[in-house]
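Structure first, then comments.
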Amino acid sequence: MNRILKRALADIRDNGFLNAITVATIALAILISSAFGLFFINASRLMTLWQQGVRVMVYLQPEFADAAVEDLRSRLEKLPAVGKAVFISKDDGMARLKKQLKHQLSLLSNLKANPLPHAFEVQLRPAVRDWEEVADLAAAIQKLAGVAEVEYGQGWLDRFAAILRLFKLAGFGMCALFFIATVFIVANTTRLVLYSRREEIEIMRLVGASEGFIRMPLYLEGILQGAIGGAAGLAGLLAGHLYLSAQIDPGLLPSQFEVRFFPPALIAAILGGSMLAGCLGSLLSLRQQLKT
Amino acid sequence: MNRILKRALADIRDNGFLNAITVATIALAILISSAFGLFFINASRLMTLWQQGVRVMVYLQPEFADAAVEDLRSRLEKLPAVGKAVFISKDDGMARLKKQLKHQLSLLSNLKANPLPHAFEVQLRPAVRDWEEVADLAAAIQKLAGVAEVEYGQGWLDRFAAILRLFKLAGFGMCALFFIATVFIVANTTRLVLYSRREEIEIMRLVGASEGFIRMPLYLEGILQGAIGGAAGLAGLLAGHLYLSAQIDPGLLPSQFEVRFFPPALIAAILGGSMLAGCLGSLLSLRQQLKT
Amino acid sequence: MMAPPDQQAIIRLFGVHRRYGALNALTDIGLDIFQNEFVFITGPSGAGKSTLLKLLYLGEPASEGQILVDGLNLARISRKRIPDLRRRFGIIFQNYRLIPTRTVFANVSLVLEAMGQKEHLIRKKVHSVLRTVGLEDRDSALPLTLSGGEQQRVAVARAIVGNPQILLADEPTGSLDPSSAGVIMALLQRYHRRGATVIIATHDHEMIGRTRGRVIRLEHGRLLPQPTADTP
Amino acid sequence: MMAPPDQQAIIRLFGVHRRYGALNALTDIGLDIFQNEFVFITGPSGAGKSTLLKLLYLGEPASEGQILVDGLNLARISRKRIPDLRRRFGIIFQNYRLIPTRTVFANVSLVLEAMGQKEHLIRKKVHSVLRTVGLEDRDSALPLTLSGGEQQRVAVARAIVGNPQILLADEPTGSLDPSSAGVIMALLQRYHRRGATVIIATHDHEMIGRTRGRVIRLEHGRLLPQPTADTP
């Protein structure tokens, strides 16, 4: 193994130009596909967060006793999907309504008593992703004692959810496409390199080198190139990411949201993919050369 | 010229493998960068349309005479930013309000008379893109006789606009990055190919061929490869686009919206870029070979 | 040096043909080459000398006929055994076939590395063989920076460094001046005396005249009837 | 064939050196070669024969000294004029340097195409020159499918097809059997009689002996004092 590594390194040194080009191509290909991946991941996290910003309003029965409020709150907050439940008394509700209906205030001026019910505004946990989960939650809340009605999902949010689904669909499709294309580009590059070295490989075969002896260092080289190119691509992306994140006015984004880089596991996966792609190209190329 | 083309074609035939790999790499690189471009263009068109879906509500003064409605409508519709103005009488308004306040209906049950004003719902022209234009329009409407108040831009839409701006910023940046990376990948591939053909080029120089004689067919070859690869990449994208567009449930999208392919000018620009990239790689490679 | 009948044939060809499309490079070759023979293959340009050598190390397959090398039937050998076969040979190719991106040292040591020999042994052997061909001071040069004759000597060094059983030399002195050629021929003869079988394809009638060995003549891909054997 | 003093020197070297790092491939070469001379350059392997030829067609620059070719000072020539210079030469390279991806025909016609000649003329000339070297039926073969001697003959064909003023031949018959070599030498002599200057680097003393011409000897990069000129 040590010997193979040594030969691979000597080979990289002897073929400087080819290696530089290969690594640069891998870096660029990884950069663009993972730039999209990163963009997509952040955008969809942002949108999910938005969707989670959806409150579920729980209206209580008119005869609900003020004393039971704390009890209901704790029962709400015990539900797994619920993050926080904020009590909104009938007076708070009226204040909000007045703000909301500022052009129809005359409506409210004739009222003698406040006809609004008490309510809870329920915020969801970040883990809640699907509309169906929200619906399930609403059904569960509906069954609690003292609850008159549960309201969630305004019209625009429904529309938003549909678009989010579409966005995610296209995004996942494109992520897959991009990574496949990257693998092919990297593999093509390695094939080109080994094509330009086919005479050398042929000579090694003629002097009695076994396939393993010939291929192992080349595979290792492909893996090293994939690792270096992939790391360079990711480093470039990280730099761009840090620069751009610093440019973003934090006021534009929901406060819970921060633009994030890939988690370590994904970074490892990308590097692994890039190493595999480098090796794959060598494999295809050497197979092809054997056939002719 | 005819001769150069002939030599370029003969050369493509004689170097089948190299050409196939080059064209495939160009096709893939163009495919991924223009896939992102297309995605971005459609997504941002969709979001713009959404933003444009924003209505401007125009509340009229209580003493506004029913007879003057048509006059005001025509004055509204003469404003350049306005697409259509829909009259909403105080009764229509009450009906909408009842639907909106279904949990607070008791509020409305005590009303003796309808206290709501007449209103116009103003829809904007598709050309209106910016938030500022909407604000300008609102100011203009405010000045019209009989208008009590103009309302637009609910909170969530403001937030949405900010995110849209961010999305567009990231999107344009990435489009640029992707196309630059594509140019480099294509150029790298051409360089690799000419590297593996440097002996041949050296021989041509030694037998007295001028630089022009050597280079012209190679440049032309790069251009042809760029054209074919670019066209193949775009064709693949178009196929994917048609397939995916057919998959999308039209109910999910605003009715005015249809997923579109690139306009012809952009297609031409992408092909041009890809041809240029193919040629650029040859140029760099031949320059470099002269130096050594 | 007609081999005595009790000696073992290390290479046997039976009715071997090699065709390239319509072109018959070799036609119906039947031939035995014995252990420790010294054989010249000669004939005009395009006669099939190099092709005949290529068939022996499976540089190309025969179109028809049987070839046995040290008992191995080349038509039946599995792809995995080919390196084994080739290690029995040391080959000096007509166009040298040195690896242009590797130094002289690396080109020669490649053979021993492929055999899995120890690094310090490799270094010793390679330096010794480079000294024999007169290139001890060019070990770190790239092949393309060498003169034609120097490249040819590197090819000779690579062929003998692994101490092969059979040496195939395709025009091994074509680029050499008479005195260097003499040195190389002396080297090949010494190698032969150590027990190896040596097969040389050459045009150089002078060299053939000066050296003891069986002469096989090819013309248009056919063996010419052998002249009376010139026994040592 | 020492040139008469009134004849014009087409190639002149003054104090030319060529160094590769510490290695002196050529040292202080002063030499005149006259129009229509037939010159042999000889010397042992690594003496600097190929290097000397390379300097003439600017395959490499001299490290020091002046070289004039037909009045052109090679040290001062602009990059754009180099193709012009090279078209005065027909060159047979020691390692042939054929383009492996192009057919024999395309390899030879390249020279004429680069000169901008008409297609039908090119076809006629190439076929005629391939006939002269005995390869008329291999015009659509790729170089690597040719035997060594056949490749060398393609190289000869390519060198003469453009009808150059000066022919540089580096070991032009090294891979050829005596009879093919004779054909090629006769060709070069015919070419010389048509008025060209011919410079041949070779080890083949037999060939030198058989042919009239000036012999220039190199050793370790230095010119040896010329023996008494063997005038025709």
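Going in written order, the chains are labelled A, B, C and D, and every chain counts its residues from 1.
We take it that a residue touches a chain if its C-beta (ideal position, glycine included) is under 8 Å from a C-beta of that chain, and two chains touch if they have at least 3 such contacts.
Note that the structure is a prediction, hence the values are computed from the model and not measured.
When the partners of chain A are compared with those of chain C, no chain appears in both lists. Relative to chain D, the chain whose mean Cα position lies farthest away is A.
Chain B and chain C have CA centres that are 67 Å apart. Between chain A and chain B the centroid-to-centroid distance comes to 23 Å (mean Cα coordinates, whole Å). Chain D has its Cα centroid 30 Å from the Cα centroid of chain C.
Chain B and chain D have Cα centroids separated by 63 Å. Shared interface positions of chain C, defined as residues touching 2 or more other chains, are absent.
Residues of chain A in contact with at least two other chains: none.
Taken together, the touching pairs link the chains into one ring where each has two partners. Applying the touch criterion to all chain pairs gives A-B, A-C, B-D, C-D. Put simply, chain B touches chain A in their complex at residues 17-18, 21, 24-25, 28-29, 31-33, 35-36, 39, 43, 46, 57, 59, 97, 103-104, 106-108, 110-112, 115-117, 149, 151, 156, 159, 162-163, 165-167, 170-171, 173-174, 177-178, 181-182, 184-185, 188-189, 191-193, 195-196, 240, 244, 248, 251-253.
Residues 20, 42-47, 49-51, 94-95, 145-150, 153, 170-171, 174-181, 203, 205-206 of chain C are the ones touching chain D in the complex.
Listing the residues of chain C that touch chain A in their complex gives 57, 59, 79-80, 82-87, 89, 91, 93, 97-102, 106, 110-111, 113-115, 158, 162.
Interface residues of chain A facing chain C in the complex, by the touch rule stated above, are 7, 10, 14-15, 197, 199-200, 203-211, 213, 290.
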